[in-house]
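Questions regarding the structure given below will be posed in turn.
Residue numbering begins at 1 within each chain, and the chains themselves are lettered A, B and C in the order written.
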C-alpha cells in the first residue's frame, strides 16, 4: 500500500504478562521519592547509626582496649531498635500520601480501569514503602554483618551467630510488613496525607502512652500488648533469642500484630474501589 | 482611565517564566484575555489580584499597587479558575461569609448575598450545600462571591469552564450585560468563540508575552503580512475568477462548488472591485460574501503560529 | 451599576474576629475533627476503664513497690503520659501546621487572600479558632478524667482540685504554645507535618536528656516545668531524666511560653503576609 494511514493504530508490540503491573507502580513511587532532596537527606541521616556501629565494630576488632565493645546479637537488636525513629519518619514521609494522594486526585478509578487488580495496586504501593523501609533496616543491618566479617578478618563470629541472618531478615520483614500495611490502611481512609501522617503517629504514640499509663498504675508488663511498637519489640527480642522486655509469651504480641495486619487488609479491601458510592 | 497598568511586568517560577516583560494598559469595559493553556493568563490575573508579587516591573490596578494592599480588594472581585469551596456551607452562607470579610455588616452582607445569587440565578438553591451543587451551579456561586460586594473591576478566570451550553449562553449574556451597565470585566479563556461572544476588545497572550491588544477586527487589519480570505457565493464563480485573475493584489483563487475563495493582500481594493462587479451584474448575481478569517480564530492562529 | 457604599477598611482585630467566626464551626464539624473527638474521648474511656477496674478488682492491682497508688498519682500519670506528652503536642502539630496549609491544599486560600483583610488576620483568626476548639474540648475531657480517677485509693477530690486547676491552665498554655510554634512551621515549610513530628517526637524528647542550653529550644522544657505532678519514670532513661533535669521557675516558664506564643505568631504572620502561595494546577 503506497499511502500509509496516519490515523490511530492499535498497539501491536509485545505486552508483559499480566500480574506485573505492580512493579510499575513500585518503580515510579520509589523514583518519585528518591528524587526529593529532603527525603535523601532523611535517608542519609538514617544511615548515621550504621556508621557509628561500624566504628564500634572496627574498634572492637582492632583495638584490644575496646574489647568490651565486641559485637553480639544484642548489638544487632539494638541497632534495629535505634532505626525505629527513622522507620517512623520515613513511613510518615513516604507512606502517608501513597493512597491518600490518589484518592485526592480521584486517581483510583484511573488505576483500576487498567488491567490492574486491586491486589496489584496495593502490592505496588506497599512495595514502595517496604523497599524504602528495608533500606533503612534490613540493608544496613546485613551490611553490619558484612562489616563485622571484613574488620574481624574471619568468619568466626558469623559461624557462631548464624541465626542472625534469619533473625535480622525476619524481624525486618515483621517490622516493615506491619508498618506498611498499617500505613496503607490509614492512607486509604483519607484524602489528606497530612491527616494520615497524624493518624499514624496517633496510633503509635497513643497506644504507647496508654501502655505506659497501665504499666505505671499496675507495674504489670503483661498489658504491654496494647502498644503497637511494644509488640514489634517483643517479637524482635524473641527472634534474636534475647530475654523479652515484658512478662508475656511471644505468642501474644505476635497474635496482636497478626490481628493488626488482618484489620489493615480488611480496611484496604473495603476502601480500594474503582468507584465511590455516594449516598 | 486605565484600570490595569502593567509596566515591564515579569513573573517567573524558578526557571519557568510565567509572564515576560508585559507592558499593557487595560481600560474600562469588557476585556477578553485570550491565550492557549500555559500562556500566562492565570499568572497575569493572579498578579492583578495581588496573589503573586511581580518578579520584575510593576502592576497597578485602579491606580494603586496591588501586592500587599488589601484595602484595594473592596474594589476588585475575583472569580478563580479552581473548583474549590467550603463544601459543607450553603451557597448563601459561603457568599455571605466572604462578603462579611470585606467589612460589610451582617445585614448588608445578607442583602448583597441575596442580590448576587439572584443575579446568577441561584436563589432557589441558595440554602443548599455547595457540595450538592452541579458544576454549573458551582461556577455561578463562584461568580456570585466575586460580584456580591459590588466591585468596580471584576476579574473572571475561565468562568465558562465546565458549564453546559445553556448556562454558558446565560453567563455570556450576563457578562455582556455587565459591560453595558458600565462595569469593568476582565475575562480569560482559551476558547475563542466564547471570548468573541462576550467582547471585541481582546488581549492576546502566549508564552508569557502579549501578542496583540485592542479590537479584534482592528488587529486583523493590522496583520498585513497575512492575506485576507474572502468567500464569495456567486451564480458564476468562474466568471468572477477570470475578472480577478489579473489583479496584482489577488494571491490565490480557489473554486468550491458554487463559491469562489479569494486570497488577497489588498482587501480594500478587492472589496471595491467586487462591489462594482456585483452592482453591474457582469458576472451574474453575487449571493453571499464572507471573510472566514475576520475572526478571532484566524487572528489567533496567525499570531500564535 | 449600583453606587458602591464602601465599608471602612477592616482592622486586624475585626478581620481576625471574622476569620475566627468562619473557621471555628468548620474546624469543629469537619471530618478531620474525628481525630479531635478521639483524643477527647480516649482518655475518658481509659479513665473509665481504670475506675471500673479499681471498683471490681482487688486493691493489689494498683500497687507500686508495695504501696497502693492513689487517684491523684494515676491522674498525674495520665496528665504526663497522655496529655502533656501526647495529646497537646499532637493537636498542636495537627492543627497548627494545617492552619494555612489546608486552605492552600484545598485551594480555598484564594478567596481569603482576595478579601479586604490583612493576610495575617487569616492566620490569627484560624489560630484562635484552633485554640478555642481544642481548649473547649480537651479541658472538659481532663475534668471528666479527674473526677473519674481522683477518688481511686481513697483519694480526695477536694484535696486534688487545685492541682486540676493548675493542669487546666498548663494544658491551655501548651495548646497555645505548640499551636503557635506549628503555625509558624506550617507557614514556612512545604512539608510542615514531618517537620512538626520531628520536633515533637524527635528533637524534644532527645534534647531534654542533654545538659546545657539546648533544651531551652523546646516548648516541653517550659511546659513540663509547670506540671505539679511527679514525672513518671516509665523507662530507665526517663528515670535518669527525672533525676538530672533542671526545672526552670514557674514564673520564668510562663513568661517563656508567652514569649514563644507571641514570637511564633508574629513570625508566622510576617511569613504569611510576604509569602506567595502558588496553588498546584
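By our rule, a residue touches a chain if its C-beta (ideal position, glycine included) is under 8 Å from a C-beta of that chain, and two chains touch if they have at least 3 such contacts.
Computed from a predicted model, the values in this text were never measured in an experiment.
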Third chains touching both chain C and chain A: none
Taking each chain's C-alpha mean as its centre, the one farthest from chain C: B
Cα-centroid distance, chain A relative to chain C, in whole angstrom: 30
Separation of chain A from chain B, taking each centre as the mean of its C-alpha atoms, in whole Å: 53
Chain B and chain C, separation of their C-alpha mean positions in angstrom: 50
Footprint of chain C on chain B - complex, ascending: 13, 49-53, 68, 70-76, 78, 80, 82, 84-86, 88, 97-98, 100-105, 108, 145, 150-152, 181-183
Chain B-touching residues of chain C, taken from the complex the two chains share: 1-2, 4, 6-10, 14-15, 18-19, 21-22, 26, 29-30, 106-108, 110-119, 273-274, 276-279
Interfacial residue positions of chain C with respect to chain A in the complex: 32, 35, 38-39, 42, 46, 50, 61-65, 69, 74, 77-78, 81-82, 85-86, 90, 93-94, 97-98, 101-102, 105, 191-194, 197-198, 201-202, 232, 234
Of all residues in chain A, those that touch chain C in their complex: 38, 85, 88-89, 92-93, 96, 192-195, 197-199, 201-202, 205-206, 209-210, 212-213, 215-219
